[in-house]
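Here it is, the structure, as structure tokens.
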Amino acid sequence: MSHILTQKLDEEKVFKDPVHRYVHVYDKLIWDLINTSEFQRLRRIRQLGTSYVTFHGAEHSRFNHSLGVYEVMRRILEKFMTRPAWQEAMPGWSEEDRMLCLCAALLHDVGHGPFSHSFEKVFNTDHEEWTGKILLGETEINQVLKQVSDDFPHKVNEVIAKTYENKLVVSLISSQIDADRMDYLLRDAYYTGVNYGNFDLERILRVMRPHEEYAVIKYSGMHAVEDYIMSRYQMYWQVYFHPVTRSAEVILRKIFKRVKDLYDEGYDFNCQPHLLKGFLEEKMDLKDYLRLDESTILYYFQMWVEEGDSILADLCDRFINRRLFKYVEFNPSIHMRLYSELEQLFRQAGVNPDYYLEFESSSDLPYDYYRPGEEGERLPIHLLMPGGELRELSRASHIVQAVSGKAQTDHKIYFAQDLLEEREQAGCRDVVAKIRQALRDAEKSGAR
Amino acid sequence: MSHILTQKLDEEKVFKDPVHRYVHVYDKLIWDLINTSEFQRLRRIRQLGTSYVTFHGAEHSRFNHSLGVYEVMRRILEKFMTRPAWQEAMPGWSEEDRMLCLCAALLHDVGHGPFSHSFEKVFNTDHEEWTGKILLGETEINQVLKQVSDDFPHKVNEVIAKTYENKLVVSLISSQIDADRMDYLLRDAYYTGVNYGNFDLERILRVMRPHEEYAVIKYSGMHAVEDYIMSRYQMYWQVYFHPVTRSAEVILRKIFKRVKDLYDEGYDFNCQPHLLKGFLEEKMDLKDYLRLDESTILYYFQMWVEEGDSILADLCDRFINRRLFKYVEFNPSIHMRLYSELEQLFRQAGVNPDYYLEFESSSDLPYDYYRPGEEGERLPIHLLMPGGELRELSRASHIVQAVSGKAQTDHKIYFAQDLLEEREQAGCRDVVAKIRQALRDAEKSGAR
Amino acid sequence: MSHILTQKLDEEKVFKDPVHRYVHVYDKLIWDLINTSEFQRLRRIRQLGTSYVTFHGAEHSRFNHSLGVYEVMRRILEKFMTRPAWQEAMPGWSEEDRMLCLCAALLHDVGHGPFSHSFEKVFNTDHEEWTGKILLGETEINQVLKQVSDDFPHKVNEVIAKTYENKLVVSLISSQIDADRMDYLLRDAYYTGVNYGNFDLERILRVMRPHEEYAVIKYSGMHAVEDYIMSRYQMYWQVYFHPVTRSAEVILRKIFKRVKDLYDEGYDFNCQPHLLKGFLEEKMDLKDYLRLDESTILYYFQMWVEEGDSILADLCDRFINRRLFKYVEFNPSIHMRLYSELEQLFRQAGVNPDYYLEFESSSDLPYDYYRPGEEGERLPIHLLMPGGELRELSRASHIVQAVSGKAQTDHKIYFAQDLLEEREQAGCRDVVAKIRQALRDAEKSGAR
Amino acid sequence: MSHILTQKLDEEKVFKDPVHRYVHVYDKLIWDLINTSEFQRLRRIRQLGTSYVTFHGAEHSRFNHSLGVYEVMRRILEKFMTRPAWQEAMPGWSEEDRMLCLCAALLHDVGHGPFSHSFEKVFNTDHEEWTGKILLGETEINQVLKQVSDDFPHKVNEVIAKTYENKLVVSLISSQIDADRMDYLLRDAYYTGVNYGNFDLERILRVMRPHEEYAVIKYSGMHAVEDYIMSRYQMYWQVYFHPVTRSAEVILRKIFKRVKDLYDEGYDFNCQPHLLKGFLEEKMDLKDYLRLDESTILYYFQMWVEEGDSILADLCDRFINRRLFKYVEFNPSIHMRLYSELEQLFRQAGVNPDYYLEFESSSDLPYDYYRPGEEGERLPIHLLMPGGELRELSRASHIVQAVSGKAQTDHKIYFAQDLLEEREQAGCRDVVAKIRQALRDAEKSGAR
């Protein structure tokens, strides 16, 4: 066993944290990871992307959240590893397993880029892939992790990618009740000021028990878990899927799309998107990727407000100055041809639908029981009954049963209302009237 | 009277705010101001500059705070203007006065640039001056304010500049207990997670009374004000003057200084500081100033990590990757020649003291009584005694008396310890040993 | 209109309240009601009866809660009556209606006796009946209310009894989302320290709208109401129905039953239950009723620990010194004859089942839609949709639908385990073994 | 070493606590102590005596607080005894010392009677004396403690009485920053809703270090301790010494005095004060003392409202129905003969000053440095400086220095204003006018 696995700091380090009061660091390895440039970079990427346009408090970074996930994990393991006879409940558990949990918790989001949701869709990339490159490539993080052993970075990557052989380790960071989710619900609730996200973390930590391949919850803590599931449900609909936030996301996507389209056309940018070139030419390298963050992106946007291309300039101005798209809800099962109709009408009105019209759906599955053969992550939550057997949560809880397996989906049309008004005043009355009528019809269908 | 002064929104707008629960907007004018690009720009400037390197939670923006100051002011006025016979207590008070208070509260920080503390020192500028330019120049804010009357922007500016004739209006936004301070103490405490900043805002609002040229506090609320003064004291020393935060500020200043020095020397930047040119050539215009924000500055820093000039590249890398300067406290009355000694030793060791050594003092005056002929802002806080007369706070409160008029100052030396170590290993043992000895001596003097 | 309806205090009175921060009193009538001896008496009756044996924080009184309900009502009306054109939304609304709401909110619990749940079952009485007597009888409260008009006390009583003609007034204090429930959920959560009871009161108040006979909720606030319904559900199962609390309640009932049985038998109490005589002889008068409170009852219990009758002495000792009954859950549909079997076995073992065995069920209906012809209180909650029509909550919310109309019931057997052990050691091994087996069988059925 | 010192419960027990979230019990001995009847009795004695008449939330019991002190102590020891090389910092520390700390923390208030402040003054008794009797007498607590060893109860008593030889043990429960104070400040703040009492307990626990005979505070935590001292100061003046609370206390004392006077005169009580007889005859025994609690006292008061003696009946009615005495502040150094003058005037007016007039002083010393030869408890708080030496707190902190050693005293006259009015209307105009003038003069002197 490598010495670094058990090497403690001379004195514990603490971070004052508004959510967990304090984040405690005892291990030298963790401290070194926090101080790498790749981890510090997370300070320049907001945890909730565009949510700050809706909830002005939501300006916290992924750095903030990552420390929190680490702290939740640390507390889970502290509980697990100080109970009497804990080794019997966790056979074969080693110091390396403990450190894998902590490192995976700290680093699970390290591959995120700026405004990932929008970014990844346009540039066809994926933050999980970049996480792997950061862990395994020529980075400070890789150097720190390698102190344990040559294959330790690889193992951390496997834990984050959910392919690691010790399933208990994996489940603590990726399951329906894991350190990641528990931190982000509490944290996002705190920063937005929305109190729906609160649940009793301390109680959940106390009723969690390691049980073979995952952690289970003592039956006496069922209500705390119900409350956690409901918090999750509420946060999704109240915060994460807020239509104003999504409107800003739509504009982001349109900006990236316009940049891509212009680049492909050979447009000569006044302000060159140097740091995006890798993506535009589909050969992004790690070093450039690590320089991409929200300050970089916002710098470009500010410059492009003055760009010659009027669409790019307009979209950037919208994002920077919060002139967002309007939206109506609609029901796609009734209006299957709505998009093509609207697209055509927009074109007739002289408003480019490629950049000023978008259909967007949000969907959430607050909890799911186990469905053999479907996506692996959805491990159900199990209750440990007084007699010792396990029971799947939705079979014990009416509340959870009610939301279990039922995805809720919401469909919205986003569009530049101000442009329609401009076109109307410029004389296109009939077409704009038709668009308005179509939107009203759509909205009626959406009012369930 | 202009119609816009009393024009209400069809429906109140609310912002979810973690500190005040909700920020309420009823006036159309306020809503329009919030939506101007100059106000939205405050989203890209952090309230606490470099504090986030010490308190990871302190990532909130000036937008966040500005809404909060507005809300505190709104509540103060709501209290004042709904009490029985309030007009007698506020003779001549008009709707315009009310709106001046709200606008000044909302806009008082609108001139801030990125990392103002450091920025302003190097570039010899001042955010208050820019506030004036934004209010009076060709801006969206100016357009909105002018709807009231041609001289309304000017009046708002006078309120913020403390020169407006109605002193009560001025004092609500600038005094020793004003809407600005009350918001920032609560807000900065919330985001950092440090609970020293808490005091009972609701109680203070209830015991505040307009009284001729300022607001006074009913005697029964004295303890709430004591608590507010102590909160202020604690926040200064625990948060605002934290040495790690100041270390990051020192580096910022050194970066700006290096840019200026290089520009003056005619250095050819690989990545040109276009948006800073106005300052470098001492002819900054408003439009460029408004494009300066933290994303712009951080973009430059990231680019300059690769700049040819090794000092600039190193300093930017330090800031971006949080490799800060070390510090020791010292007592300047004992070591008056310390700076020149250290400067010389640094030069001998081959470490440029212009960029890698700094003396910095922080000083706070938690509360002050009135000193005729001294700086105007320090209006004392007055208590309204049961009999009706006024008494200056420090004469009634032992606690406040104890801190009244007593500035606390702390002096620190910041320096690049890692460079000293490098030089030591490169052979400069004697000089570095002398430097270390001088720092140890300084530290002893600093341990009061 | 009586002058007293609009008479304000010279200066507002405030109560520091940990749940609502401050309770504000502006009306002289309210202030006078608070100072009556009948209202002050509520200080000596705990809000949550025996819950304090489980949650040591739950020591707050009905006085505490009653002020809170008043404050919530005051805020509801403040919102309702300051919106533009509010009179159109509340046609015919008068100052008297406003005062009826406030008085009913303040006084709705004034008839409660000590440990009402247990007390009322044994003595066949009902706190609502006593509320009526207090409002209408020779009391200070009646005197204060009569200042408005001779029939004002009667009207307040009708509001509390839900028979008042203005249904909007009634619904604000008695419906599925009323001032009473909103206060007790928040308050009981605060004092127990259980955070399940939290919901966003301020948001609910903002989205509540008067609409003919009741208050409706704007659709945009649906999630806040969902959260409120879930809080209610959680508080019922986590706090109000906690089996340890109910065990203490069972003992209380047994004590009262024993007192009644002894009194009927003509037993000569060492310490006479003077203040209970009215109930024991079924002719309780108001004056005596008002002297009954928890200190009186606890005094008797302490005295009776030394009473000659060993059952009464033992039961009182159990309550005072928290030696509670054990419990097992069971399923009555499987074990319909369980009670008679256990009763017989207890008798065989020499343990009196009348005092040492109890079957108890708790049942909660978190929310119900409207069922014509069933109990009137269950007015459904209606959402006010964007188009203006109403929609019943459970038809819009999956979560609420899941719990709507579904009573959850839990059945438990409470018994004196220590007596069984005593009997076992005294030789009754076989019978006690049979009892244990029966309890184990019952428990198995209860584990659903 | 006795086995019981290290015997753990099979499963930890937790109490949900609103202040510390959870109180954790691991030791069987502690669990057994909590379940004794003498400890359960603390549920029937309020922590803050009559404060609930001012702050309706302050209804929490000494049981509540005692669990809290235990929990703070448990956390202090957990910190102390898990640091690396902790044994070197606490030479000779044994399991018995640990258990002494926990038991003393839990039991330090166990001797309190109902409304101790008032009670003890009249009956010339002292709760600390009763604590000793409970620990050493024939009680369940004594039985539980004796399981450790025959002299363990004696040792616990010594710790509480501050005479135990291990001064570190003593100081953790009795010093200027001890587990008792830290709990009550937080707890009383929570229940009253006054937020002045908040300070960062977790931080203080982290910077506390055992150092020979007491715990010291690392210099880096000085501000947290300043905040604690200020919290203490504020709580004293805002809550503990609130004049309305003291008015209720004055009435309590008058009731007890009247009972004593009547008993001494041989008055035949309609409702005999059986449980007080021991005190009235100066031979109180432990068994009776343990039956005295607030329910007993309040029962007597309710009965005595109907007592033949009009003074006793009136005083009890005042207490029960919150008809309190009025008060004015005065300056005793100016009005030394005021009491005798007023006494005489009251007699002339026909109002008995023995029961309807009282002079009362409250005095608080927020912090004190060490004064050799004065009362032992005032051990100063020491800071552990970076270099390792100790510095007394008030020498390092301006804020603490300002309040150090400076007792603040406030003098008030309490009197039955309503009786004066009655006498006035009954014709005693001149005398009452003189009384009023004297009170006005006194008040003027009191307005400092």
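Letters A, B, C and D name the chains as they come in the text, with residue numbers starting at 1 for each one.
Note that in this section a residue touches a chain if its C-beta (ideal position, glycine included) is under 8 Å from a C-beta of that chain, and two chains touch if they have at least 3 such contacts.
These figures come from a predicted structure and were not determined experimentally.
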Chains in simultaneous contact with subunit A and subunit B: C, D
A-D or C-D - the one linked by more C-beta pairs in contact: C-D
Reference subunit A; chain at largest CA-centroid distance: D
Chain centre separation (subunit A, subunit C; CA means) in Å: 44
CA centroid of subunit C to CA centroid of subunit D, Å: 33
Subunit A and subunit D: spacing of chain centres that average the CA atoms, whole Å: 52
Multi-chain contact sites of subunit B, meaning residues that touch two or more partners: 21, 194
Interfacial residue positions of subunit C with respect to subunit A in the complex: 194-196, 198-200, 223, 226-227, 230, 233-234, 237-238, 385-387, 396, 398-399, 401-403, 406, 408, 447-448
Touching residues (chain side subunit D, partner subunit A) in the complex: 8, 14, 21-22, 84, 202, 206
For the subunit C and subunit D complex, residues of the former touching the latter: 15-19, 21, 35, 37, 40, 43-44, 52, 55-57, 59-61, 63-64, 67, 190-194, 291, 293-299, 302, 320-322
